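By letter and in written order, the chains are A, B, C, D and E; residue numbering begins at 1 in each of them.
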């Protein structure tokens, strides 16, 4: 039965105008049971964002199939069940923070999903003071937080986050990770999470998918069998470090597989 | 003598239209001797980017003085001695990667500074394959690397980097950190480096400046008395971990000082 | 809940970040704004006077133009109002239709492909040639003149809006897609606001253009007995140049006023756009 | 404000990322492009015929228009070339001057404040009123007509460029500032390319406008013995409507061609812009 | 407006050497037509004179420029020296041009009846019926027509006067009940449309008028009297030639008009106009003669309807001497013939 998972089979995608021998994604297979928290990690340019966009139904692919909980990505979106945090915050510059956050509740009302109170969302990401500011008056991290709050607001079935915490300091990041885990647990959301932080991938996920570049493909899928909730004890324990090291090692081989021999020369 | 350092004294800046009681920067004092590698770290929205822009002479300030090696930020720029990596990559969308990287060599030629070979720069950041791509065909991390290569290219006296590695995976990041240190050592560049990674701040810098928010101010200045070069032995050693923990502790107090009590509520 | 001072659009920021103390500039603001225009106008006045002395049948002495204006302001006001009404009605119809059409065209490519060539045909058809037919169809009233003005103002808005509606950042479009925003929602909540800088540039073009349109309409459409265009025409026919140029002065004043209005509008609507930073 | 724009310039992507297989659409591409326009033109033709039968004074039978065109294509080609030459010269001068002025104005606020009101005055002055004076000043040649066309095409370019030159992302400006790029370099390397979408929208407006300008110029400037405008005028006076509309058809063809050209230009110059994604 | 299609009409020089030199020394002479290359009296002759080599025969290098129909504009061009001769619609326009500050004088007047005509539907049986109806004109109600209406006791305030375009079909479509026109133009166009109409002629109401006036700059004429004389000489010669050979002359005009030409219609215009000239010229006067008495009467109509404040001194505004100098009795002196 495919109704309870995201299934990507033999996915290949080359961007138009790019070298067709080095597609952005090559023969990617991936299976994500409903309710899982899956991290994507891999070298820069390996196709993580592309994969996310394909799963969200935002990008055509060349061959292969993508099904999301037994339906197409498009139909998922129709139910307003997908929350997206793109790599760039993608805010509406002419609306203030509060209206940006409450945007989903004003769009596609017929999907009939309730949405969170924007003020609560802003408190969640520590921006209640900035509610009336406009995007051009925000710092980079603040913009990212607005995008996160916006995605949280629709209580999505599937949450696609592309490096959502990259511009945040460790403590804000940690606080938001907790918020994210809370949301995930309460709503049994499925999360596909792109990150560059091995530690973040391991502390948050059930599964870490390591990708490699040129062409973009799945290098290794690692299960994180740590108990939940991931409280301080778990997060600082030795098992975590072992896992971290395994992911890092996998990432290193992925990185070396993708990097051409003379890729990184010292100047 | 102020000729051999960057001096910021009593710097206060409030953006127009924002609450004047909570300026973006409040009474900031900072001294950076020439040739130092200084990291700025602090909660999101504490004014790191603003401080960087003021030092670069890109933003007016209300009170206080800023002098860069005994001259004004503007005169530094006139000598094309400042390399800037802004928080957003800020590439020219109509030029390909190679031309974006070689932009500094085409601009302000009368400053008469030589500049690096763009192909070498692209190899440095692992983008020689993407030389003919346009920014809209790049991944987020690739764009960031283009911006880094561009800033390296002018062999600046002062390098201002605003979270330059935030969108890069650990290994690419590490490789570029090495490149950066190499550049810094060879050219005795002064580096002001904004990061959210405590580990990055400690491994790279001579000094870590911890800032706190609301209003943005200097919370603590920590010296990193680790030997150079920071090879593997140093970087994995226990002294580093102690320092990391000190910075993290400082950052935590800074974060708590800035965060309003009810800032981050669980949803 | 802490209430924050809302960040508002800022009036004057030409000189970039490195400027003198802002306070001083504020003081000079008024002078800086009006001086250059005044000087330019004065210079033109001088040049005018020189030519007028040399070739009186080309340009009337400025003094006479002034006299005419001062002696019977009512005459000019009345005719100006008559022309302005046509201009405003015309630009409302023309720009309005263009706006709506551009929305439809941006959504339905077939419509775009069908309409664009027709719009071009309409645009290159000299209205002067159409005017008689319009009078036949709509009689001697204001209608044909309003239509001529509407035709003239239609195209710039259509073109600018078409470009503007397409100028949307892809990531934001993606967010709307995942929300499964309807095409209408994407249009109204994303494309239309994104196109505002283009729309306002178009308005800057077509508001003055509407005045020209109204004047030309008065020239060519049958049944014009009032309006500055009629005045220019009849005065030119009897070589009463001072009236011609007095009327042109009124037209110019109307145009400058309209542009000032749009600038104010722009400041309020586009405070978020990079062109205002 | 970094707008991230993935994806290459693709020729035909109206339907968003979720479309059918691209190959099939490629095949239909040609038809899809021409069909709607053809249908629209056919429909207009039918409407025309209906009106023409009813009111032969208003519209001549289409057949007659066609006959006239077919019988003496040389006549129309010659006159079209004559008008086109004026239009192209006029738009080069008008748009060129506007381009240069907009550069100067964007750099020197004083110049902007001095010139903008004069530009508005020029823009609202009905050129029809100016034409006789221009003939006196410049003789019977092409000059006065080119000037009239230039005046008409000047303003839209000036306005769009002024907006376009200001639409620069702040972070990129900052990079140029730290390089201490001269104002000229910022202008040429940053502002001008950034303004291209606006410039091309302006060209789309003013190229067809230049044709109207040339026609109107032929109407009002003495010494016009050739050109489609003259043809429209003299044929209308002798009620030879089939010539009037055949001439208008030529004008329309010229306008559509110009627009197609600009579309091609846009594809080549703006592949990087979000409006082309 | 270049010397297109120069016919190989090798007319020998008809004036003596010295005069020829004087004319040549004056350089190119520009004539701006009243309205395009319309085959009206005073326009067609110039076109024909050029094509037939009559100008060459008097050693003149004449450049013909098509006018736009804007007579004030034309007189402005003459006044500014951009052009040297122009055709004005009637003598009243000479007065108006001078009133407007343009320096032009009339040197010949071919038609001595108003060419303006009032066309009405067949329902209008007397001018009084126009009260309460709409009258269409093309820019300005011609003075002779207004004089005609006033002379017939029509209450002008009771007529709605509107400007209409060039399209005469507004009359049969009943958008206007009366339409001003030229005797040589609109009646033919309406006839082409198979429409019935009534035509009202001002002279039937005792209103005088004129058409086909050649004008030039007074000072320039004084400096170049032989040029003006010989110009009129060639025109006069062309007039008599085209009376016989209308089709040929209209053909020359058609050659000049690069943007299409309605030969048949223009031939009708020419025929109508030159017949009016002949019928309005007394047997003892040459075509083009100037009669200041008639001019004065015409001027009065302008004063009456307010287009002129007062009648100026007519003497300096018309100079018949140039025409007279090249005529022997009523015949143009053209020695080669």
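Points to keep in mind about this one:
Everything below uses one rule, namely that a contact is a pair of C-beta atoms (placed from the backbone, for glycine too) under 8 Å apart; a residue touches a chain by one contact, two chains touch by 3 or more.
Computed from a predicted structure; not experimentally measured.
Considering every other chain in turn, the ones in contact with both chain C and chain E prove to be D. Ranked by number of C-beta pairs in contact, the top chain pair is C-D.
The distance from the centre of chain A to the centre of chain E, with each centre set as the mean of the Cα atoms, comes to 86 Å. As a whole-number value, the distance joining the C-alpha centres of chain B and chain C reads 46 Å. Distance from the chain D centre to the chain E centre is 40 Å, each centre being the mean of its Cα atoms. Touching two or more other chains at once are residues 4-7, 17, 55, 58, 132, 136, 169, 171, 177, 236, 273, 277 of chain C. Annotation for chain E: residues 70, 72, 76, 80, 165-167, 169, 173 touch two or more other chains. Across the assembly, chain A contributes residues 15, 17-18, 57-58, 74, 86-88, 90, 93, 128-130, 133, 135-137 that each touch 2 or more other chains. On the side of chain B, the complex with chain A involves touching residues 15, 17-18, 41-45, 48-50, 87-88, 116, 120-121, 123-126, 128-130, 133, 137-142, 144-145, 152, 162-163, 166-173, 175, 178-179, 182-183, 196-198, 214, 248, 251-252, 255, 259-260, 262-267. Residues 1, 30, 32, 35-37, 65-68, 70, 72-74, 76-77, 80, 82, 165-169, 172-173, 189, 192-193, 256-262, 265-266 of chain E are the ones that touch chain D when the two sit in their complex.
The touching residues of chain D, when paired with chain C in their complex, are 1, 3-7, 14, 16-17, 32-37, 39-41, 44, 55, 57-59, 109-118, 120-121, 123-126, 128-129, 132-133, 136-137, 155-156, 159-160, 162-164, 166-170, 177, 197-198, 200-201, 204-205, 208-209, 211-212, 215-216, 219, 229, 232, 236, 244, 248, 251-252, 254-256, 259, 273-277.
The residues of chain C lying in touch with chain E in their complex are 55-58, 131-132, 135-136, 139-140, 220, 222-225, 233-234, 236-240.
Chain B meets chain D in the complex at residues 53, 56-58, 74, 77-80, 82-84, 86-94, 103-104, 106-108, 111, 134-137, 140, 143, 150, 154, 160.
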